[in-house]
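By letter and in written order, the chains are A, B, C and D; residue numbering begins at 1 in each of them.
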Amino acid sequence: MEPALIFDLVLLLILIGLAWLLLASTDLFRAVVLFIAFGLLLALAWVRLGAPDVALAEAAIGAGITGALLLVGLGRLGSTERCRFSRAPLTFLQRLSAPVLVGVMIPSISLILLLEVHQLAGTTPGRQGLINAFLDVSGSGHGVTAVLLNFRAWDTLLEKGVLLLALITIWSLDQARPLFHQEDISPQLMGLARLLLPLVIVVAGFVLWQGDQAPGGAFQSGALLSAGILLAILVGYSLPQRWQGLSLRLLLAIGFGVFLLIAAATLLYSGYPLQYPEHLAGSLILLIELVATASIAALLAAAVVGGHPPDDLSTPAAKAPSTSGRR
Amino acid sequence: MNTVSLYAGSGIILFSLGLHALLIRRHLLRKILAANIMGSGVFMVFIAMGARGESGVADPVPQAMVLTGIVVSLCFTAVAIVLAVRINKLTGCTTLAVDEESSID
Amino acid sequence: MLLSDLITTLLLICSLPFFLAGTLGLLRFPDLYCRLHALTKADNLGLGLVVLALMIQADSWQVVIRLLLTWLLVLVAGATVAHLIARKAQQDGHQPWRR
Amino acid sequence: MIELYISLALILLLTIAIGLVRVLRGPTATDRMLAAQLFGTTAVAILLLLGQAGGNTAIWDVALIFALLAAVAAVTFVRRKDIDTTTET
């Protein structure tokens, strides 16, 4: 056996083992740490499958944001059970139904999927040739970017809408509370943040710019930037209160808004939404990518913060304590 | 046994593990983790199917869709956590199942 | 075999004991403060040797800088995190291990 | 050469697998976090090796992002509020 195949085998065994261990773990904190490790190794799997675009996004999200999100969520949720409700004793049929459901349904679903995938694996491969044939009229030199922002731009537009909707849900459920201790920041941590934050911005810009020709683009860049924003929040930076109102909301919505406007304009111009005029395709894609990056970064960071900024701006509570005026 | 079927098969196993845990685990955070694992399994099948062409490079279409999928699943996780915190705040529970008769309490 | 390939092979083989030592330390050291050594020293040195080995294979200076930057970032992150973890452990009241 | 890179990456992957024992055993939450941080370093090395083996420098960008964000999870852990003492078994 060649080493590459053994590598894949070991990687997949570890991934499946990790999934099993973290889902069966009695200790929730252990489960979260195992999930962070799972995300790390998943990025390796994407690399092995020849999907560097996905690996870039997974690295930014799996290594940075998901871990922070789950750790914060665990802290808020707690693992202590203070449930006021007692559970009614189950009847015999209820007791029986769970093992039957789990024991019969899951193996049969897996089997059907396996057969289906096995059948698919024998058919001819996908759209690589078609995409390469139309790449020079798409306005982008990289296949994945062309798919995201031209060939299947409709999907991406709706996906931006979903992100916005998710944030609206979060904001309607809760008010943002401070995530971290505001006092007692180690000077070494401040130093790390001062070093890393400019670098994060530079690398995010590089990833966005590179997306025109090579793996990279708005999603990866936005995810990286939002991890940077998270790091800034972690060391006590905060959005000034005067920007927490309309400006923040505009930033969150601009990605979807501009995309929607372009869809409307192209509908009027060419009769189909998001069918760009050929000579404008490159600039339109660039415009969408720029605003989308800003919006994705802000949306993901706001989703991790988990709540709307305080309505009454005079109360120095919640997301931005007025004391932290470093900026 | 080639790389593609190896990864696709593992993706299905991950999906099943996640589905299993989603059904039988009580704690909401475990359910959220389970749904994430399910998603990862689906992404893996998708990317593996895209990689079965010429060696080394995955098809751009599944890559693009998984890319959006990863970002959406992160947002879904954030929404789910906020919901779980809300449930915890209102009921004191970290689980979903509350039987009708016993909830009078 | 080219000389550069030989040096790369040598460096890569040299890096291996450091990674193994890091894992061994993580498993076998008696307490948290000792295990921090595995995080900050062994693995970072192993990574440094890997970076050096790949730098010899590089064909342009941009690649060299990118590799170097990656290593430096890991060093900085490792050192800071080790400091933060040790500080938190001390605040939580962990006593250093004594024989 | 490619065989060498992949073989080394394989051994590093195995060290991650062995290191998982520390995450499982703990005993404190801090120990688990420390192990996860160590995996980040090893994963960067694996990515660099895979990138060299495949001749695809886009993989090095993944490694660079890993290196940039290596600290985020651990810093969150150290700085977060409402730390449960119950998880520290």
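General observations
Keep this in mind: a contact is a pair of C-beta atoms (placed from the backbone, for glycine too) under 8 Å apart; a residue touches a chain by one contact, two chains touch by 3 or more.
No experiment lies behind these values; they were computed from the predicted model shown.
Across C-D and A-B, the chain pair carrying more C-beta contacts is A-B. Separation between the centroids of subunit A and subunit B, computed from CA atoms only, is 13 Å. Between the Cα centres of subunit B and subunit D there is a gap of 22 Å. Our note on geometry: subunit A versus subunit C, Cα centroid distance of 29 Å, whole angstroms. Listed for subunit B are residues 56, each touching two or more other chains. Multi-chain contact residues, meaning those touching two or more other chains, occur in subunit A at positions 4, 28, 48, 65, 74, 76, 78-79, 189, 192, 196, 199. Contact of a single residue of subunit D with at least two other chains is seen at positions 33, 35, 40, 64, 68, 70-71, 75.
Contact between chains, using the touch rule, shows up for A-B, A-C, A-D, C-D. Partner subunit B is touched in their complex by these residues of subunit A: 4-5, 8-9, 12, 15-16, 19-20, 22-24, 28, 31-32, 35, 38, 42, 45-46, 48-51, 53-54, 57-58, 61, 65-66, 69-70, 73-74, 76-79, 81-88, 98, 101-102, 106-107, 109-110, 113-114, 117-118, 120-121, 125-128, 131, 143-144, 146-148, 151-152, 155-156, 159, 162-163, 166-167, 169-170, 173-174, 219-220, 222-223, 296, 299-300, 303-304, 306-307.
Contact residues of subunit A toward subunit D in the complex are 2-4, 6-7, 10-11, 14, 18, 21, 27-30, 33-34, 36-37, 40-41, 43-44, 47-48, 52, 55-56, 59-60, 63-65, 67-68, 71-72, 74-76, 78-80, 178-181, 189, 192, 196, 199-200, 203, 207, 210, 214-216, 224, 227, 230-231, 234-235. Residues of subunit A that touch subunit C in their complex: 186, 188-189, 191-192, 195-196, 199.
The touching residues of subunit D, when paired with subunit C in their complex, are 1, 4-5, 8, 11-12, 15, 18-19, 21-22, 28, 30-31, 33-35, 37-38, 40-42, 44-45, 48-49, 52, 57, 60, 63-64, 67-68, 70-71, 74-75, 78. On subunit B, the positions that touch subunit A within their shared complex are 3-10, 12-21, 23-25, 27-30, 32-34, 36-37, 40, 43-45, 47-54, 56-68, 70-72, 74-79, 81-86, 88, 91-95, 97-99, 101-103, 105.
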